[in-house]
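Consider the two complexes below, in which subunit A is the common component and subunit B and subunit C are the respective partners.
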Partner chain A sequence: MTARLVLGAAVVGVALAPLVAPTYHVLLMLPFMAYAVVLLGLNLLFGYAGLLSFGHALFIGIGAYAGAFLTGPLKVRSLEVILLAAGGLGALVAAPVAALCVRYVKIYFGMLTLAFGMVFYTFVLKFYRLTGGDEGLPFLRPALLGWSLEAMPKTDYLVGPYYYYSLAVLSVAALCMWRIVHSPFGLCLKTIRDNPAKAESLGIDVTRYRWLAFMLSAVYAAVGGALLGPPTGNVDPTLLYWTHSGNIVFMTLLGGFASFFGPVLGAFVFIYLQNWVMSVVPYWRLVFGAILAAIVIFAPGGLMGLAARRRRPMRVSGA
Partner chain B sequence: MILRAEGLRKFYGKFCALDGVSLGVGAGEFVSIIGPNGAGKSTLINILTGVLRPSAGRVSFRGRDVGGIGPARLARLGMARSFQLVQIFPELTVLDTLQAAVVARLGRGTRLFASLARDRDVHAEALEVAELFGLGARRGVPARQLPQGDKKLLDVAAAFALRPHIILLDEPTSGVSTSDKTAIMEILVAASRRIGLQAIIQVEHDMDIVFAYSDRIIALHQGKVLADAPPAAIQADQRLIDTVIGRRVPSR
Partner chain C sequence: MITTRRYFVKLVGGAAVAAGAGLDAGPTRAQAAPVKLGVLAIRAGIAAPVGTAGLRGTEWWLERVNKAGGILGRPVQLVVEEESNPKDTVERYRKLVLQDKVEAVLGGISTGVTLALGPVAEDLGTPWLSWDGTTQKGVDETMPSPKWAFKSVDNEVEAIVAGILTPKYFKGIKTVAGIGNDYSYGHDCWESYQAVLKRYIPDVKFVLELFPKLGVTDFTAHIAAIQQAKPDLLMCSFWSGDATILMKQAAAVGLFKTMKGVFTTAGGVHDSLKKEFTPEGLLLGYNTMYFDDPNGSALLRQFVREYKAKYNEYPPYECDHAYFNAESYRAAVEKAAGGGTTWPSRAAVVKALEGIEVESLSGRRSWREDHVQMCNFYQGLTTHKNPYDFVTLSPLEVVSTRTAMKPAGAKLFDWINSWKI
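Right after this comes the complex of A and B.
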């Protein structure tokens, strides 16, 4: 019950933010919502199927570059088409990558995903004519639901229509993922995470389910990646770099992978924390490294884990 | 014959773990496999359940060659197993564990957007198996919090929830107190009748259990079948008992 109230309050808060919060903070919510979509997918693979990918920036990059190509050379401005194409392209690339990666587990899986991520990063960096190399490509302003909105000042566009469009995409993505993790498929993934040999003995085709989870997570990452483009108006190879994969893993751990909304909370805290730390010290990575170490040692369940730990004694005394 | 193995051989490098083992299990049979440590029991079970591929020989299940097809496909064909070291899903509740088995059996695992909570077939079947194994009252308890005996029962119950034709139990009463052993076996036998199980194969060290429940006993020694006979015939052969069990069994 409390959880529902908190969730409801959070949704209302996010929906009202453009009306009450300063523009600067509203703009920070845009990458938050894009990353939240990415992390819902990443956590299907990590929290529910037990596979930690260090290469998901690859799919963020695919989504972002798909948007840049479509809005630029291909002159497609519809964000609905862009998101569908991003998801489709993410799935297309993920199909063979996942087929190879899911045959391995633990560190081998992580290293393979990292390797694939770096292969694509290098490709994007070196094929200058196609990708613009290290300068990247412009991501032109997409039309929303058929409205071009070209004449609107950029900030008005971002904190108005684009903000609510992102919120709608995040809401739909969260609802779909909620259904997925509470489906028979979600249950099978949890059995695989907990004990693959036992799952196999029950007739669950472990490799196939892992592959499917990987595919879904790649589609989510690509859709989130496409949402990252419009706020900056540009995409570049750092989107595919391995430190970017590391960042989204950090967000997941920060929020707590054992909970459905943990990674979403992680994305929110990460973005505001990064913004604040960068404004006070020049070495934000140093501070973040220390925070990561502290989480792993003192709060392996992340912020959601801490919240649950605080709640539990109250439940016992109330019972 | 539901399950038949012919001339099974298995080498680990130069070591021969199984040396020409043949056996068959028919409908309505409860067969126990016995033998000292290193006799090849685990290798045999792992080949029969598709985990290992034999170096030579073949395994057929309901008339179909199943050598090395893998445990998942074998389970879907109707052969279930439990493990010597108890295998559970630590974070899943008793009910979810059994629901997972039912979902797998009904082939509903790839229903991405269906609500598990609203799947009455899956829920009812899982609950029925939980009740059958005396776990109904603990259906909401995560498996890791169960006492050892209940973990063992849950491991076996999940295999039963597949409603298989045949089940292979790898030491179903190991790690359980002597007083609980008979209780577990009684539950197993009652559950087998209830779900219409056709045959049970078990690997078991407790000779009281073996002699009390088996229709037939297969004695393995150094990778070979030393005897394949009803319990009375095995019990009567004192030399065989000495070789396979290493101690005398009190005559009943």
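Right after this comes the complex of A and C.
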């Protein structure tokens, strides 16, 4: 009940933010919502299927570049089309990548995803005439539900229609993922995570289920990547770089991968913490490294894990 | 009736300001309030020394301006944020303007970043003066008529200057090899250099081009390839520590005993080019400021002296880009104020910046009408005849952007091909 109240309050808070919060903080909510979509997908693979990807920035990049190509050379401005295309392209690339990666687990899986991520990063960096190389490509302002909104100042567009559009996408993505993880498919993934041999003996096609989880997570990452593009207005190869993959893993750990909303909370805290620490300390990466180390050592369940520990101290200690 | 949130905030804000002015904020007090300038500086990674130099140049300017009473009587404060990747830097830019309420933003080095910053600056309606970043895609301008964005010189100018000077100093060049970083700057410099050299030496052959990744520290394979190609001249557009590393590794095999060398941009790391491994007679580019300019102004000499005393280094060119940006902003505010003390609108400052010329560390510098920096480029042959442990230039060549930068609206290669030589 408390969790539902907190969730309801959070949704209301996010929905009201453009009306009450300073413009800059509303703008910061845009990458939060985009990353939240990415992380819902990533956590299906990590939290539910037990496979930690170090290369999911690849799919963020695919989504972002799909939007740049569509709004630029292909002159398609509809964000609905862009999101569908991003998800489709993400799935298309993920199909063979996932087929190869899910044959392995643990560090081997992580290293393979990292390798594929860097292969695509290099492709984007090197194929200058196609991708713009290090300079990237402009991501022109997309139309929302058929409305061009071109005449609106960009900031007003972002903190108004685009904000609520992103929130709607995040809500739909969260509802879909909630259904997925609570479906028999989601339960099978948890079984595979906890005991793949036993899952296999129960008749679950472990490789196929992992492949499907990878595919879904890639689609989510690509959709989130497409949402990241318009606020910046430009996409570039750093979106595909391994450090970006590291950031989203960090967000997941920060929020807590054992909880459905943990990674979403992680994205929120990461973005606002980074915003604050970057302004205060030039060596903010050092601070973030220390935070990551502290989480892994002292709070492996992340922020959601800490909250759960506070709520149920007896159960945890008695477990 | 307009009922957007922004309109409402403006309405309430305006009422609050009006009420405040009516209560106690007289003109004198308002004028004395500090003016905040945002600064975006690279502070990590391979370009951190460049960002640091820009920041130091800005801080030196700040100290002088505040000692002299600030701008229109208002002391100046810097709000420094980090330039990193385009996404994060765009967020930092928005923070400076929307949250910190700065009057203008200075800085921006990487063109990958500044390409994204340009449209954001236009949207937010705050002057942005880029240190070293352009809004060029390759060698083509993407924002030919900006209102708020003021950009650095075109990326390829130093390669063009080197292309002009190569036939002057190195006679009989028939074959040329090129090495540059594998990103747009490296590729664009090489293409521009080739285009210029072809105009002066039509039968020149370009026998090898190498594009190692930015940040590579082992060039032995590249040097072996260069030796095998046996060019008369090697052109290199490295601008960071890799220029020093290449020079060291080239010296180890005596590369420049068999060929001439052109380092278009290595002056950015000039005091690391030690005499022990940097030969005399290379053409070396210092970009837009040469710390040891024999004709340098008193301002330059004071800056070099104080910079050396404070940081135990000799200043690179980025200090001058940064100093010029800040100084031109100050001059534009005073020009827009028309001799009065009322702080001018941002639009008036931007108008005043167009075409303004000020004294910078490297001499007189100005903003072209299309918001591109105009200045001099310094290149020359390396010499050991100096009191330092690194090479300097003699003779020194000073080439203006009026000669070596494409005019507003021109296409680079059409312009080069139109030269009368």
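Convention: the second predicted complex is superposed on the first by the 312 of 319 C-alpha atoms of A that agree within 3 Å, B and C clash if a C-alpha of one lies under 4 Å from a C-alpha of the other, contacts with A are read in each partner's own complex, and residues count from 1 in each chain.
Convention: a residue touches a chain if its C-beta (ideal position, glycine included) is under 8 Å from a C-beta of that chain, and two chains touch if they have at least 3 such contacts.
In this text, all values refer to a predicted model and were calculated from it rather than measured experimentally.
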Can A:Pro18 be said to touch subunit B (first), subunit C (second), both, or neither? second
Examine A:Leu212 and indicate which partner it touches, taking first as subunit B and second as subunit C; both and neither are also allowed. first
Looking at the overlay, what does A:Ala168 touch: subunit B (first), subunit C (second), both, or neither? neither
For A:Ala197, select first, second, both or neither according to whether it touches subunit B, subunit C, the two together, or no partner. first
Subunit C versus subunit B, contacts on subunit A by residue: C
Does the superposition put A:Cys188 against subunit B (first), subunit C (second), both, or neither? first
Partner chain in contact with A:Ala9 - subunit B first, subunit C second, else both or neither: neither
Examine A:Ala290 and indicate which partner it touches, taking first as subunit B and second as subunit C; both and neither are also allowed. neither
If we overlay the two complexes on their shared chain A, which of subunit B and subunit C does A:Ser279 touch? Say first, second, both or neither. second
Would you please give the residues of subunit A that touch subunit B in one complex and also touch subunit C in the other complex? none
Seen from subunit A, its contact residues with subunit C in the complex are 18-19, 22-25, 27-28, 31, 125-126, 128, 132-136, 138, 153-156, 159-160, 228, 231-234, 236, 238-239, 274-275, 278-279, 282, 284-285
In the complex, subunit B touches subunit A at residues 49, 70-73, 75-76, 80-81, 83, 87-92, 96-97, 99-101, 103-105, 108-117, 119, 122, 155, 158-159, 162
Within their complex, state which residues of subunit C touch subunit A. 4-6, 43-44, 81-82, 85-88, 90-92, 94-95, 98-99, 111-112, 115-116, 119-120, 123-124, 137-138, 142, 182-184, 187
Spell out the residues on subunit A that touch subunit B in their complex, using ranges where they run on. 176, 179-180, 182-188, 190-191, 193-195, 197-206, 209, 212, 216
